[in-house]
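Below, each structure is written out as structure tokens.
In what follows, chain A forms one complex with chain B and a second complex with chain C.
Coming up: the complex of A and B.
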């Protein structure tokens, strides 16, 4: 006896969720400490523009940054989908909520790709 | 007595603020909310990239915006949530991933130590790349 196979994107979404959680956990704290707290408060000197531009111009940096942005956004979208549904008991609106959250993540990832591909000419 | 039919369709009513009544539930919801701050910081990061691409003046003005007290407060709150995310996600790893070495299961404490060592390595590398190099 095999159960009828249902094809759903859920396993793929959970995989992206997990990968996004890992990259967000690994990479975001140090960037947030630097650019959100330490540099604004003057504890650490800001990298000079030429250096940061050189780092960002490197294709590997941009590829990695795109991966981080896309995965972290899908992660956030996935979590927010269930947060909204569980916290406010809105499970019956799942199709609409999923469309909005993943749609926003896809739009963000597309914006990141566009920026990283075109802004450095 | 309720009939089997009634029992089948019975749904316990949950209060709207069900998660506020217990500490562990509240932490669960806070952890879930951390993802909103993850998304917020991704937006800040992309704005930094855009400002850097536009030139030194745009970069300086981005740094000035980030130095605004309201932005610092917002980023401190975001940092608390991002750390909550990072710590809860790291602590989950030994449960999500069973590592075997020569047929034996590596104890979860060792796996966890590996995760934190990796995190420290990535953090040190990024700090070096951005502000020390």
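Coming up: the complex of A and C.
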């Protein structure tokens, strides 16, 4: 603690983790219930296909969906990093574990970006 | 009179005892007796070699924290009748080195406590003749709950992160730093943030929340740490976006 101030990425990771927590708790469940349960079961009227496609093709929709996916993945990676380190007492391997967990989140985010850019034409 | 068994951890390295052992003592089970009264009975009547810390016996001094049936408790505020029929396991505070019997080494905690500068810091002291630094009730309420900390270290014994990584500054020290950061009379938040924003500061905390559960004084160290994280994260963002801004 008496060592000079070190620059650490933790604040930025934590901010994304916090944002990811909000996304995973508030936005993902709404999307899942709406498109995974309510619309298939006919609880709410299904939107017109052309209209939904037009919404999905809008850059802002793509950006928002990318944000939801990427932040939720960072949230999961952050939790997994500390769960693994504390449960199995692997804190000394933090650089490697952090690289793997955040790396996986980055790969997932890249895959989401690729899908969002290519899947809807 | 009813009796209850206290199963007390004994550790006497001076007597070439290399491992702590549990020793049973039968003490009277009285409705007005706390665990500490039971320990005092052992010391006075059964075995004068038992060592433990205590002072005020009214939840103010923070000396008598121990593990009671595996939970960090103030032994002066934990009553034997609530633990009947027993036996009641009494051990030194978890996560600390043990010196003897129920006495733990405070050195690490004392060092951490002073490292976060838990006192009022002013750029310029105003002269005595100008009077007191006035504060509104609302300004007092900002920090009051965090000022209730008695440094009993139950939160350190409850914190799984401190148990795994002794370099973590820990709940009470961060809560006390936050208490002064929130004080309208204080101007030292930058100095403290420099320490709290280190990797061994607030970022070690994974928000388990056991510290706030264990606190016998109703302080919420977990909340303080989250608020300090937000402050540290805001500072880090400012430094990133406005690198020319002087710290």
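In this text, the second predicted complex is superposed on the first by the 98 of 121 C-alpha atoms of A that agree within 3 Å, B and C clash if a C-alpha of one lies under 4 Å from a C-alpha of the other, contacts with A are read in each partner's own complex, and residues count from 1 in each chain.
The rule is short, and it goes like this: contacts are C-beta pairs under 8 Å (C-beta built on N, C-alpha and C of every residue); 3 or more make two chains touch, one makes a residue touch a chain.
What you see is a predicted model; the values in this text were computed from it and never measured.
Asker: State whether A:82 touches chain B only (first), chain C only (second), both chains, or neither.
Answerer: So A:82 meets both chain B and chain C here.
Asker: Per the contact definition in the header, classify A:74: touching chain B only (first), chain C only (second), both, or neither.
Answerer: A:74: touches no partner chain.
Asker: May I ask you to decide whether A:10 touches chain B, chain C, both, or neither, giving the answer as first, second, both or neither?
Answerer: So A:10 only meets chain C here.
Asker: Where does A:51 make contact in the superposed view: on chain B (first), on chain C (second), on both, or on neither?
Answerer: First partner only, chain B.
Asker: For A:115, is the partner it touches chain B (first), chain C (second), both, or none of the two (neither)?
Answerer: Touch status of A:115: first partner only.
Asker: According to the contact criterion defined above, which of chain B and chain C contacts more residues of chain A?
Answerer: Counting contacted residues of chain A, the larger count belongs to B.
Asker: In the superposed arrangement, which partner chain does A:97 touch: chain B (first), chain C (second), both, or neither?
Answerer: Once the two structures are laid over each other on A, A:97 reaches no partner at all.
Asker: List the residues of chain A that touch chain B in one complex and chain C in the other.
Answerer: 82, 86, 89.
Asker: Which positions of chain A touch chain B when the two form their complex?
Answerer: For this pair, the touching residues of chain A are 18, 21-22, 24-37, 39-41, 44-47, 49, 51-53, 55-56, 65, 68-69, 72-73, 75-80, 82-83, 86-89, 108, 111-112, 115-116, 119-120.
Asker: Can you tell me which positions in chain C touch chain A when the two form their complex?
Answerer: These residues of chain C touch chain A: 111-112, 115, 160-161, 164-165, 167, 169, 194-195, 197-201, 203, 206, 229, 232-233, 235-237, 240.
Asker: Touching residues of chain A toward chain C in the complex: what are they?
Answerer: Residues 1-3, 5-6, 8, 10-12, 14-15, 82, 86, 89, 91 of chain A touch chain C in their complex.
Asker: Which stretch or stretches of chain B touch chain A in the complex?
Answerer: The contact residues of chain B facing chain A are 14, 16, 19, 29, 32-36, 38-39, 41-46, 48-50, 52-56, 59-60, 63, 66-67, 71-72, 75-76, 78-79, 82-83, 85-86, 89-90, 96, 118-119, 122-123, 126-127, 129-131, 133.
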